[in-house]
Amino acid sequence: MNQQNHDRAESLPIPAPDLKVIDQMQIGFVKRFTDVKQAKLEGKPVVYTTVLAPREILQAMGVPYVFGNVLGAYVSIFGYSAKYCQIAEDLGLSREVCAAHRCTVGLSQHDEREDFFNLAYTEPDLVIGSNFPCSAESKSFLYVIDRYKTPSYIIDTPANTWKCPVPEHAVTYLARQYQGMIRFLEENGYTLDMDKLREEVAFSKRLNELIAEVEVYRRAVPTPIKAYDSVIAACTPLLVSKESGAELLFEKLRDELKERVDNGIGIVPNERLRLLWIGIPPLCDFKLLNYPEKHGAVVAKSLVEFLTGFNLDPDLIDPDNPLESLARASISSPINPTSQGMVDYFVQAVKDYRIDGVVSITKRTCCLLPGSQRLIKDAIFKETGVPSVIFDLDCIDARDYDAAAAHANLDSFVEILMAKKGAAS
Amino acid sequence: MILAGLDVGALWTKAVILKDGAVAVYSVARTGDMAEEAAEQCLNGVLASAGISRSDVAAVAVTGVGKKLIPFADKQVSEIVSAAKGIQYLYPDMEGVIDLGGESTRVVKFEAGGGIVDYAQNDKCAAGTGMFLDAMSKVMGIKVEDMGALSLQSTAEVNITSMCVAFAESEVVSQVHRQTPKKDIVRGIHKSIASRVYGMVNSVGLSEKNMVIGGLALNVGIIACLEELMKIKLAVPENPRIISAIGAAFAASQQGE
Amino acid sequence: MITLGVDIGSLTGKAVIFRDHEILAWDIILTGPDSMETGKTVTENVLNKAGLKLEDMEFIVSTGYGRIVIPFAHKNISEISCHAKGAHYFFPTARTILDMGGQDCKAIRCDENGKVTDFVMNDKCAAGAGRSMGIMADFLNVPLEQMGELSLQAAGDGVPISSMCVVFARSEVISYLREGVSKSEVLAGACEALASRVRGLLTRVGIQNDFIISGGIAKNPGVVKRLEQKLNTAANICFEPQIVGALGAAIFGKELAEKRNKKRSETQ
Amino acid sequence: MNNITPLKSITPFKEAIAAPGKIALDWKAHNGKVIGFRCISVPEEIIWAAGMLPFPLYGTQEAVRLADSYFQPCTCEFVRNIFDLALDKKFSFLDGLVLSNTCDIMKRFYDLWNAYIDAPDAYFINNPQKLMQDANRDYHVEEFNLFKKWIESISGASVTDKKLNEAIALYNETRSLLKEIALLRKSDPPLLTGTEAFIISMGATILPKNAVNPLLREVLAEIKERQAPDVFGARILVTGSIIDSPDLIEMIEEVDGVVVADDLCTSMRYYWHQVEESPEPIHALYSYMNKRPYCACMHPMGARFDYIKDLAREFKADAVIQFNLKNCQPFLFDAPLLKKELELMDLPISILDIGHDRSGYGQLRTRIQAFIEMFDIE
C-alpha cells in the first residue's frame, strides 16, 4: 500500500487495510462513485436505493445508483456521525430513531459535505425504497423523496415466517414487485434487455459461489482476515460491477487468504480465543474490533451483513428464471426479519467458525436485533454450549459511544472465557 | 501467604488483607477525586493496622471501576470475576451472586467452586443505581441509610417505573409535589431497582443458592422487594461491601499457583 | 388592580406581586420537599415585602411544576406560556425565549404580544438538562453560581462531554477527574455540552431576535457566553431571570381579571 | 369543558376496558373458544364466522418487569408489557393467538411467544405492507385463505361464505354505529367528550359484537337526549401509536382542550370504513384492508397523511397531537414529515413521546397544557 494511502488511512479513524487486495477494492469503490457522477453529468437519472434491492436489475438496465445506507455507514466510520445526526434531528427526527439511518437522512439533507461524501453522494433523480429488513430502512428514504421531490417505487418483501421453503405465492408477489420496478425504470427512460439480465444474474450466482469459497477460508484457525478487511470485502459486491472486475478481486482475495491459511498465518501471532460479533459492527470506532487482540482474542466473524445485506445462496439463483429465483433467494436470506432464520444462521456460524464466545451488542436505537438477542443466546448455548454476552453498545452515533464501558465489557468477557478455556485445557 | 485485594469504586474504595486463608483486616474509605492516592492510603492504613509490612504482601490485586488507574497493583480482575470469587472464597457451596454496587449492578451464575457459567450487567440506562439513590435522598431530604427501613413501613403501591435514572428523578419530584407519603415513594424506588435486578436474575437463570453483595445490599428495603419478586429468602454476607475486594485477592492467589 | 403570580419549580419557589403595570414585590426561596408549603412561604414573604394581605389580590395564577397543588390559586397556567408573557414584559421585542429551570429546558417562540406560537421541550434523555449542572456542581463541590466563572477560566471548549444522559455525563466526568483533568476544563466541557444541546433545541423551534434567556441557567456566564457564540446573537437577560415565570403568571392574572370583570359588566 | 351529565349507558364499555379478561372468560363459559389477536390488520370476521371470539391483546399500566430480559429495554414498551402479562399466564385462557405483519417488534413478539410462552404456537398473517394497489391482491387473498384454514383447524367447524357474510354484516353494523356516535363530535361544542368516545370505541373492540350493538344504540340515544355541554377550548385531533387507555385523552381534556377526533387503532381507524357486501367475502375483506391507510407501518405514507387532513377538516380540528410510544420507530419517522404537511394548511401539531407505563406524565401534562394555551386562555 503506497505511502500516500497509508497516511490518509492513518489520519482517518479507520484501521489500515491488512490484505493487499482490500486496497484495490477501495480503489474500485472510488471508481464506482466517479462513474455515477459521470452518468449524472450525461443526464442519466440517478437512483437512490437500498442494498437489499435487486441490483442485478439496475446493472442490467445500465442504471447509475447510490446506496443510502452504505453511505450512512461511511458517515459513522469517518467520524461525522455527530454532525449528520444533528442535521437529521434538527428536522425533528427523534434520537430514538435508528442512528445509522439518522446518519443517512442527515447526509441527504445537507449540501456542505466533506470531499469523500461530495464524491460518493450524488443527488438522486429517482428513489427505489424497500421495507426490508427493518422499519427504519422502510422509512428513511422517504426523507430523500421529500427533499428532492423524486418519483419513487417501493419494494414490499414479505417476512419469512414460514421457515424454508418459502411458499410460491410469496415468491410470485415479490417477483411481481421486481417487474413493477422494471416498469418504473422504463417509465423513466431506461430499457431492459432480458439477455443482459440473465447475464447479470449468472454473474451474481458466480460471485456468490466465489464468496462462499472465501467464507470457507475465513473459517480457518488462526483467523486469516481482519474485521475491517472483511467489511470492505462485504461492500465490494455492491460497489464493484462485473465490468470493473469484481470477480477478479474476489479470486485475488480467495488466493491471498488461501496462502495465509496454508502457511498458518493469522492476524495475531498467538490466537487463543475466537469471538463472533452479533449486531451492527462498531462503525464509529472500528478499532474496537481489534481491541480484544491484546488478550489473544480475535473477532473471527462480525455481522457486517446487516449493513451490506447477506450474500444470496448461489444454489437458489437461476439465470434462466431471473426474477423468480432472485425473489426466492431474497426472502430466504437470514436477514429476513424473523428470528428463526437468524437463529439457525448464528448457531451454524458458531460451529463453522469454531467460536469460543459470542459478543451480542444491543444498539439502543435498533428495532430489528435487540428483540432476538436472548433467543439467539439461548439457542447457541443449548446447541453448542458456547456462552454469549449481551451488553449495551451505541456504536454508530459517536455522541452516545462510550469506549471505556465497551473495553470493560470486552475485558470481562475475555477474562471469563480464558478462565473457562484454562480450566478446560 | 499474605494477599491484598482493592476494590476502587466510583464512590468508595475498599481494601482487604487475606492471611493464611482468612480475612485478616479490611477498611472502607471515600474514593474522592484522586483514585490512586485513595487506594494507596487505604492499603497502607489497613496494612499498618494489621502490623504487616508492604514487602510481606505476595500480590496486590485490584478490581472496580477505577482499577486501570492503580499502577502499583500486580493484577487487575474484572468486577464480575471478583464478585464471584469473593462469594466462592467465603461460601464454597454457593452457585450465584447478585452484586448491587454503587456504579452498576450485576448478576453472576457459576458452578459451586467452579467457573462462571453466565452473567448479566445492567444496561446503560439503568446504570448508577447507587448514584440514583444519592440523588433521591437529596430530592426527598432523607439520608440514604434510613431509606431501607423507611420503605418497609409503606403499604401503598407507588410506581416509579422509569428505567432511566434522570427520568425516574422527575417522576419522584412530581410524586413529592403531589404530597405522596415519603415511605411510599421510597418503596416505589426500591421496587423499580428490584424489578430491574429481577430481570437480570431471570435472564441468567440464578438458582436459590446465591447471595447479595455490594453497598446496596445493606438496604433492607431493596432486599425485601427483591425477595418478594424472587419468592425466596435472600442471604447477605456479614460485610457485603468488601466481598469483591476479597474476590480480587482470591483470584490473584489462584492465578499465582 | 393587584395580582399575584406563584411559580413552584423543582428547585426554587418564586412569587411576584404585579400592580397595574409594574412589579410591586418579588421573592425567591429554595423548594423544600413539600411544594404546597413552599408556595405558602414564598407568598407570605412577598406579601410582607409589599405590606399586603392575600385578600388584596384581585387574581392569583400558579405555574411551574407544582402549580396544581397551590390551594389559593384561581387558575394554573403552564410555565411555557408564563415565561413568554414575562419575557415580553421585560423585552417587548422578544421573539425567542430559552428557559432552563432545574427540571428541564424549554425553547419558546412568541409573537409581538408575548403569545406562544411554538415551543419545544428537551426530550427525555436530556431530562435533567438544567439538573445536570446541579449534579456537576455538587459532584465537583463547586457552588452553582461560580460554575460559569470557573468554566471560563479554561482555554477553549474544555474536554468533550458528549453524552446527553445526565447519569452518563457524570461517569465521563469521573474518569476525566481521575486522569487529573482540571475542574475548570471539566466544567468548560460540561457547559459546552449543555450549550450545544440547547442550540439543537433552539434550531428546532427556529431562532428569531431578540433572544431572551430566563431561568436559573441565565446566571451561568459559562453557558450563556458559549450559547451566544454558537448562535452568534446576543442574549438579553433581565435583572432577575428566575422570576420571569412568576411575573408572567401575575400578568396573566391581570388579563384574566379584566376579561372576567368585562364579562360580568356585560351580563348585568 | 364543564357541566357534563355523565352517561349511564357507558358503564359496560368502562368495565370491558377495566377487565378485558373477564369478557373473554364469560364467553368461554357460555359460547366456546377465544382467539387472541394483535393489530387491526387481522380480519376478525373470519374468527367470528368460526364461532370464536376475537380478543384484542391490550396491556396494563404496570411497569415492565421480566420482558426486558427477553426484548431488551430499548424496544416498544406496549409489546413488552403484553409479553409480561403472557409470562404471568394472564392470557392462558386463549385457545390460539394470531399476529399480523406490521412492525419489527410484532415479528419479535411472534418469535419470542413461540419460544418462551407455554401456549400453542401463534399464527402469523404475512399481510403486505404496501397497500392501495392491485399488485398485492393474489398474495393478500392467499394469506387470508391460509389463515382461514388455520382457524378451521382450531374451531373444528368450516367457515362457509354464508357465515362469513353474516359476520361481515354484524361487524359493519358495529362500525356504522361507532361512526354515527363519532359524527356527533363534529358540532361545536361536540355532544360528547373525547374521553367518552374513546372508552365507547375501545370497549366495543373487546365486547362480542352481537352484545355490543344494542349497547351502542342505547348510548347513542342517551347522548342525543343529553343537554349539550358548555364552552370548550381548542378542538384537538389525536393520532400516533396504539393507545390502550383513556388517560391521555383525559389529560388533554383536563387542561381545557377537547378531543374531537382520534385516528387511533383503538378508535376511528378501527371503524371508519365498511366491508362491502360481496359473494366472495374473502375478497371483500381483502379490499377492505387494502383501501384503508391505517398505520405508519404501511405504505403509501401519503395516503395516511391525506386521511388525517380530511379528518381534521371534517371535524374542524384546531390542532393535532401525535403521541409516539417510546422506541416506536414507524411513527417516530413519520412525525416530522406529517408536521411539514400540516404546516401547509397551517394546522399546528405537537409531537409528544409517551411511555406506556405513565412514566413522565408530570412533564407531559405541562407540554399538553402549554400547547392548548397557545390557542386561547379562558
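Just so it is clear, A, B, C and D label the chains in written order, and each chain counts residues from 1 on its own.
Definition applied: contacts are C-beta pairs under 8 Å (C-beta built on N, C-alpha and C of every residue); 3 or more make two chains touch, one makes a residue touch a chain.
A quick note: this is a predicted structure, and the numbers were derived from the prediction, not measured.
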Steps needed, at minimum, to go from chain A to chain B via contacts: 1
Chain at maximum distance from chain C, centres defined as averaged CA atoms: A
Winner on C-beta contact pairs when A-D is weighed against A-C: A-D
Distance between the centres, which are taken as Cα means, of chain D and chain A, whole angstrom: 37
Rounded Å distance, chain A centre to chain C centre (Cα mean): 47
Length of the line joining the C-alpha centres of chain C and chain D, rounded to whole Å: 39
Residues of chain B touching at least two other chains: 65, 120, 123-125, 167, 170, 173-174, 177, 203
Residues within chain D bordering two or more other chains: 69-70, 72, 74, 326, 353, 360, 362-363
In chain C, residues with contacts to at least two other chains: 65, 103-104, 123-125, 127, 168, 171
Pairwise touch network: line, ring, star, complete, or other: complete
Residues of chain D that touch chain B when the two form their complex: 61-63, 65-66, 68-70, 72-74, 355, 357-363
Complex contact set, residues of chain B against chain C: 10, 33-35, 65-66, 69, 103, 124-125, 127-128, 131-132, 135, 138-141, 164-167, 169-170, 173-174, 176-179, 182
Chain C residues touching chain A - in the complex, by the definition given at the top: 123, 125, 162-164, 168, 171-172, 175, 200, 203-204
Contact set on chain D toward chain A in their complex: 69-72, 74-75, 101, 103-105, 107-112, 115, 124, 126, 128-130, 135-136, 138-139, 142-143, 297, 299-301, 324, 326-327, 329-330, 332-337, 339-340, 351, 353
Partner chain C, residues of chain A touching it in the complex: 82, 86, 89-90, 92, 94-95, 398-402, 404
